[in-house]
Every structure is written in structure tokens, then in C-alpha cells.
């Protein structure tokens, strides 16, 4: 866990993580937000609306675990989804929210929960020692009411455990770890698994009427 | 808005934007063109035929809002599509035209207009505060008569408003913003949405007769 | 045309072109070869078997237009396909052979010739001023008898003209230009068009019996 | 062969190979492991759990050909799969295990062995001089019992020869060469061939009931 790291250490780690995540194409158009725990009661998190692939130190701020700014900057609207995780589990040291194409496709078209099983990369998740297991990721409906969305996440976790990740429909992925390297490892594993799931398990037929489209083109 | 920036500032911004857009693969084979407003009556725009991913200062020129060169260089044939936008809306500070595979596929095969709805990334567009909205992108037939194409765009915008972007069939995407960072944010959001649309909404069946092809291969 | 450039200029251009082509993923596993004309009777070409994405000066050699080494190094087996083009057309200053996935897929599965039409990127080819045109690319059967393959290419060009490019089935793409930047522009346009063609025109159904496969998996 | 290279040379080569493999996306989430032979009885191999795209010298260790550490570090669980290859064939100087999406898709869904034929890139494999050949890659069931998995590989090789590579179902690819550059060339060729195979030969229909999914979405 990273409870004792300084704000400066948290900033440099988040800046580098952002560059790495950006290079994968998982945070387009200033989407996504990243955070690290600073203490029992606070974390460092990206400021709203910044380019997450090219973060400056000024793009990282401090908030308490109610999501209130400690330095006068404006946090992301989704800050509460990060702080609830830190409050829920003292073992969580970093939270990453990304916005990849595959997370969006799977969350929109592959049902209310995603089950990964039988793949070696499941061993990338903390505590997993075999591929012969299943990982269930819930998909929550998207909402601009973040407090309501956070409460829905809490209800699900109260029933099923914290787990490793969740999807918000048409919005993206949340994952976390005991520290930033573990959260990044979980993120890379999940993006791989979502890509696999889209290609091999769930790829719905296009919804548009192709004959109608061809007619349109003929016009 | 960027009305007061100098030509040197405009050049360095366009060079960097080109590098970033090139790395995404959205300006192959010297396609695409990029511009920024310099004043009420002029803008900086890429010179015709240059490699947009590796621009030099000499690859950027100044034109008035009739698309006439102010420095003797040869502007892109499509300059008029940029200048009409600056003339139409004083709030537009940058225009980006790109040429991605997904923009080409969607513009050729998915009907006369594209509607994006229900996705969080719609919040990347200026003024959008919820995913629960729709964004309509018109698709105009391609033409080498740029004045006629510009007039068709004007007619559409007179009826439907300026909006955020349009596609030209088999040609690519135009988008814009109050400044270059906003235009880049809109571009990244649109490329993501076009990729999503191709994968999940509109992917026509191949048009060739596969049996015929297999016969050809057997020969 | 680049007839007068020195060997040193040719080397530095080919090294940079190789880095750029490698970054696109078009020359895996030491495949591909690149050349530039040095004079009426000679060209610079990559040495057999080198990593084309990380070329050193020593990886470039000089050959005459019969494909014979002028400096004792071992040229690529396919050198004759380059030199025949330089001999055929004094206007050709550079030849690029690449080995992308899309060129391989299209050459194997989309029939004996590929026709691109109606796309703006066709204007990337020298002399093209409109999208309202067609570009035909022949697909030749692969052979390890390069002299025989070169003769087949010659026969086709005698009947249809030199054109801009050809494919070898399961092997890759050949394209050329008056100088290296034009050849690179043609290459980028062709890779884009081949990607488009695979996605939108020709994507054959998998050939394997899926039921048989599922049975295999069940075992 | 590389029997005589020093540990320092082996380390720098493995660090660079890891950067190159990482850039291709073939070692996500600290997966994969890479090794080079040091002597008749030992090799250098990546330490368990490190980020293979950003290796430090401390992330490489020495083991004997029974897979026992020679320097007190903890080797990857799969070390035995590397050392068995070095023991089996004195001509093997490097072994690369990667974990790409395509290797996972093909190993899970395309049957018990993969046959590549008729493609020019088959000439990338040592000793191949024509595309008119076939390369068979066995797919072994995944297991956390590495000794048992190694024994199964041995049995297959005793019957069919060492070959150039094998897949482990849902786990990834193993390939090797007389030295690290040859192993990298084999890896790049195999990733290309697996990508080709997935696109053109074996792409099973999604397994989920799409009507059921659409119903889920409607809810």
C-alpha cells in the first residue's frame, strides 16, 4: 500500500501512468481520471478536463475521502467513485478510470455482467494463482448523478464483494490496486480481457438495416 | 477564442497538433489540413501537399477568409471549407480536417447522416453536460468543386445549425472548436465515436461475391 | 527525380523510410526491401535479411540495373523486381516493397486484381486530380523464381502500363515514385486503401468448419 | 549460437527485446518471459512478475538448465519451459514467451493445432527457402503444473521434432532461435501469421445468444 507516499511522489507516478495509458489509446478526448491514496483520509486525483496523456503537476490535486478539494482546484465530477473505494477498503492505494473503445463496446452490447474464465491472464489479478477461475465484472447503467451511481456500486459490492473492477455502460472501466503498479497491471489485464471478450464471445450483429443503408447509398 | 495569437504561436500549435494526429494514423499520405484563426479576417493553414505529421514552419501559410493567400504560398484546395467556418462563426478558433480509415468507412457505408447517442464521450463536445443526448453528423457527397461543396455545407448549417462536425463521403472528417485544444478534443471524441459506430452499429456485409472469389482462388 | 543524389543521401533517406515503415507494422520479421535510384544504371538497395526498421548504413548496398552487386554485398533475392522498374521507366526514383497484414489478406482472398474507386485518397497518386477515378492493382502469384516473376510483371505492364503498384499473392506490395517521398506517399495511400478494401469490400467468411472446431475444443 | 556471451550482454539484449515486444502489445500486465543461453548449463531469464516492457538489469537472473536459481532471485514459474528447450537442443540460444491477443484467440478457438501454409513470411523461419511449405504449431492445454506441461511438450517434440514454436491454450506463444535476433524474427513472423490466421482462416461466431443479449439491453 502507498499510504505514506508524498504528494510529489503521487504526482510523478500519475503523470507517468497517464502517458502510458494514453499511448494505449485508453483515455481519448480528456476522458478518464486517475488517483492515488495519500493518507487514511485523502488522495491525489487528476483535475477535471485535463489531457490525461500529457499531465502537468498542476493537473493533479488533493481531495479528502468525501471528494472535497483540499487545495481549491476543481476535481473530476467522478471523484466520488474514487474516494468511495478508498473509504471502503484501506488496502486500495490507487484507482484508474479509463475510457477505451473495447470497454465501451462491451459495456453497451454484452449484457449486465461480464464473466472472464479460463485465461492465463486472470493470474494478473492480485491473489489469483491459476487460470482455472472466473472473474465477474458488473456493468452499471451510466448516470450523471454520481452520488446515485456511487451508491449503486456500494450496494453491489455489499452483496458481491469489492472485486477488481466494474464497467459503466457506454462510459468506461474502473479498476484499482494496492498501489499504482498493481492498478496498472489490473488495467492492462482488463483491457486485454475486454478485447478478447469482444472478439471471441460477444460481438452483436450491426443493428442498422443494411438493405436500407444500401438503398441510401444508391440514392 | 484565439483571435489574438501570433502567427508564430499558431504555427507551433499546428505543428504539434499534426504530430499528435499523425501518431493516431488520421492523416496518411499527406492528406488532411489544419488551421487556426489569426484575426477577424485571417487564419493560418497548412500548405497544400505537405506531410501533416512532420510539418515545418514553412508548411504553414496565412490566408484571408476568402481563402486568398496573404504570403504567396499555395493553400490546400480545401481552404475554403476552413475559411467559411471562421466567417460563419466568430467563436470558431481552429478547424481540423482528417482522413482516418473509420471516417472513410462510415462515410461510405452508413447512410446520409450519422447519429451518436447515449455515450459518455458525447460530453467531450463543448456545452454537453450529459451522455443522454444525440449528436447528428451530416455526410456530404464528395466533390472536387470546393465552392459548390462549401455552399452545400452552408445550406445544411443554415437549416440545422453549425453543429460540431461533418463528414465528406469517402474523404474524411471536418471538426472545429473555439481554440485548437477544443478542436483536438472534438477530433479525438469523433474518431472514437466513428470507431464505435463502425463496430457496433453499421458494418455492412462485404459486397463481393464470395463464392466467385473462392473460385478465383481455386484456379 | 533523384538521379543525381549521392549514395550517402540515398542511405540516410532509406534508413529514415525504414523507421517510418516499421512504425506502421509493414515490414515484420526482416521482410520487405527498399531502394532508390542512384544513376541511369544503378540504385541503392537494402541488403538481404536485415531488420528494415532499424537499418544501419552497412545494410544498404549498390547494385546495377541487372541486379548485380557493385560493392560485394549480398542483395535481396527480390532485387530484380526493383531494378526492372528502374530500367523500365527513367522517371522512377524509388521503389518500396512492404509486407503488411492487409496486403497479405487482400492478395490471398480478394481475387486476381483489386480495384479502388471513388475515394479521395486516390488523389495521393501522382497525376490524379479527382476521387472520381479507379485504380487497378494486379495480384501476381508468388514464386521463388524471381526472374520468372519479373517477366510476368513485365508482360502485364506491357499490356496495361506501368501503373502505381502491384501485389504478390501472400507476399506483399510493390509501389514506386519519382522520388522517395512520392513512393512513401503512394505506400501510405495503398496501405490505407487495402485496409479499406478488406473491411468494406472483401472479407471472406472463415474457411474452417466451425462446428468441427467447437467439437475439437470440447474434447 | 550465443553460448559464449556474458551475462551483461545477455541482460542488455533482453532489456531491448522487451522494449520492442512491449511496443507491439505482446506482453501486457507483466505477462511473458524471455531468456538467452549463457553456457551449456545455464541461461539468463526474466525474474517473475516484472514489467517486461521496461526491464531493469535487476529484473534478469541466472538459472541452471534444471531451472534452479544461480543468484538467489525468484524465476518465473514457467522457467522450466525455457530450460527444457536449451537442454533438448544445443542449437537454441534464445527463447521468447509472449502473450498477445491473437495468440490467445487462436489458441482458444481454432483447434488443437495450427497450420500455416503458402505465405512468403514462412521464409522468416530458419532453414526455410520457399513460401510453398507448411508450418504446424501444436496447441497444448494450459496447466499450472509446469513440470507436467513441460513433459507434454517433450512427448510432442519426441514424436514430431522440436519445430519452431508452440501455443498454450489461453496462455500464449513460445518460440526460439539460435540467438536472440533469430528468436525475435520468429516471434514477429508468428504474430503476423497468427493475426492472418484469425482474420482469414478461423474466426468463430460469437458464442453468446445475441437475442438474449439484445433482450438484456432492452431491459
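We call the chains A, B, C and D, going by the order they appear; numbering starts again at 1 in every chain.
FYI, a residue touches a chain if its C-beta (ideal position, glycine included) is under 8 Å from a C-beta of that chain, and two chains touch if they have at least 3 such contacts.
Being a predicted model, the structure only gives us computed values, none of them experimental.
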| item | value |
| --- | --- |
| Each chain counted as touching chain C and chain D at once | none |
| Copies chain C and chain B - interface residue numbers shared by over half, same or different | different |
| Equivalent-chain rotation between chain D and chain A, CA atoms, steps of 5 degrees | 90 |
| Farthest chain relative to chain C (centres taken as mean CA coordinates) | A |
| Geometric centre distance via CA averages, chain C-chain B, whole Å | 30 |
| Rounded Å distance, chain B centre to chain D centre (Cα mean) | 42 |
| Per-residue multi-chain contacts in chain A, two or more chains | 108-109, 204 |
| Chain B to chain A touching residues, read off their complex | 108-112, 118-121, 124, 129-132, 181, 185-186, 188-189, 191-192, 195-196, 199-205 |
| Chain A partner contacts - residues on chain D that touch it in the complex | 28-31, 51, 99, 101, 104-105, 108-109, 142, 144, 168, 170-172, 204, 206-208, 210, 212-214, 216-217, 219 |
